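Labels run A, B, C, D and E following the written order; every chain starts at residue 1.
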Amino acid sequence: MLVATVVGQVWSTKKEASLEGLRFLVVQPYVRGAQTAETMVVVDPIGADLGERVLVVFGRAARHAIGRGHDIGFQTAIVGIVDGMDLDGERVGQTVADDKERA
Amino acid sequence: MLVATVVGQVWSTKKEASLEGLRFLVVQPYVRGAQTAETMVVVDPIGADLGERVLVVFGRAARHAIGRGHDIGFQTAIVGIVDGMDLDGERVGQTVADDKERA
Amino acid sequence: MLVATVVGQVWSTKKEASLEGLRFLVVQPYVRGAQTAETMVVVDPIGADLGERVLVVFGRAARHAIGRGHDIGFQTAIVGIVDGMDLDGERVGQTVADDKERA
Amino acid sequence: MLVATVVGQVWSTKKEASLEGLRFLVVQPYVRGAQTAETMVVVDPIGADLGERVLVVFGRAARHAIGRGHDIGFQTAIVGIVDGMDLDGERVGQTVADDKERA
Amino acid sequence: MLVATVVGQVWSTKKEASLEGLRFLVVQPYVRGAQTAETMVVVDPIGADLGERVLVVFGRAARHAIGRGHDIGFQTAIVGIVDGMDLDGERVGQTVADDKERA
């Protein structure tokens, strides 16, 4: 239920069996006109690229998106690639690079 | 379980199948006498306008409001348009514009 | 699972059908020796007054307290009126007014 | 899922029926080398004393610990009394008093 | 759904029966280029060492990872040891020591 930017990837060899083969990305919540240092890890069932803004959800919604049933050791996931946002008339693009190009 | 102000809309073409056709708004939590930079994304099953204050809920309550059952990739939603609030005798209107008009 | 103070009421005419007839209060979390600007909206099945300190819960516990089953578009509720608190020997009253009277 | 310190007790006469007879404590999350003003209310099914550090959990885990089934109006509880913690080689005791004695 | 660093261990003799024999670690959320004082307690079903970065999850995902069913008094767990992260091209290692060695 938030927009976040993909800032990286995380690898884990020794992990819970139900997580085998999943792609784990590191994202940072989008905050208007500010930088945040907080990161979270999400499963990416969609194929997002570094720098892209994405829709992130939690809990049951995330397990639904991961698509391996509810007996799984993770509960955050990407459910969409953001095409763009309109915030009080200001346009926010798919990536930080898009924003700079337009400015 | 919070009052938030609708500040924009977000579009996503490449997304989880269960989200097809839903309207995604960007809202900012209402904080007394303060501005917040935090945003969240909510499904709007009600039809809120930019600038309106709305009631936002999470989890099962949000899935109930979205009305597509519990196998869905989202868990935040608008459940009401705020007519107004009374906070310690101070009146807060439906929109920021309402507040300014009254002031 | 927190103590909050009732600071106001919120009205919503256009809302999710399952919320018809419920009373929505605005509360602020109790923070020791501090003022918070954060507010949240709760259903009040008990009848709390403006200024009273109350016990607030979330999720399934809140739906239980609301008493309309689990297919409902809200997930925060008041479950008790606070008579008082003892915090490290300091007495905190039912309302802010109580505290001032005693001081 | 956090360590907190018991700082007080809260009383409520007018409350949700399912909470009758439960003991409500006020705790403050443990933060390394810092003081926090945030408090939360927890059910104590174990018998913790003022000043003791305890393990606090939320949601289903808390309802399990309370032991009255899942139709109950609360969702935070103490599940253990902390004997001590080792944090990067530094020893943190069962109470703030223990820490001072050792220092 | 976050990366955290193992900073210690916590012991509890007097605890909820369902927690008997579990290993409780204290972790601190990873925040880019910053230190956090916030700690949380997690069950470690995997065998993480002090200083290692780990993947931490909550709720149903954590109960799944603990592997004792859903009638248990805890809801946070480690689900993986982090091999490393790539954040905007910067490499973050398995431990803080790894990062220093590379620098």
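As a convention for this text, a residue touches a chain if its C-beta (ideal position, glycine included) is under 8 Å from a C-beta of that chain, and two chains touch if they have at least 3 such contacts.
All figures in this text were calculated on a predicted structure; none of them were measured in a lab.
Between chain C and chain D, two chains of identical sequence, the interface residue sets overlap only in part, with shared numbers making up under half of the total.
Measuring from the averaged C-alpha position of chain B to that of chain D gives a distance of 33 Å.
Separating the centre of chain A from that of chain E, both taken as means of CA atoms, is a distance of 21 Å.
Touching of two or more other chains is recorded for residues 58-60 of chain E.
In terms of which chains touch, the assembly is arranged as a closed ring, every chain touching its two neighbours and no others. Traced around the ring of touching chains, beginning at chain A and stepping first to chain B, the chains run A, B, C, D, E.
In the complex of the two chains, the chain B residues touching chain A come out as 7-16, 18-19, 24, 26, 28, 37-42, 50, 58-60, 63, 70-76. Those residues of chain E whose C-beta lies close enough to touch chain A in the complex are 1-3, 29-34, 45-46, 55, 57-62, 64-65, 77, 79-88.
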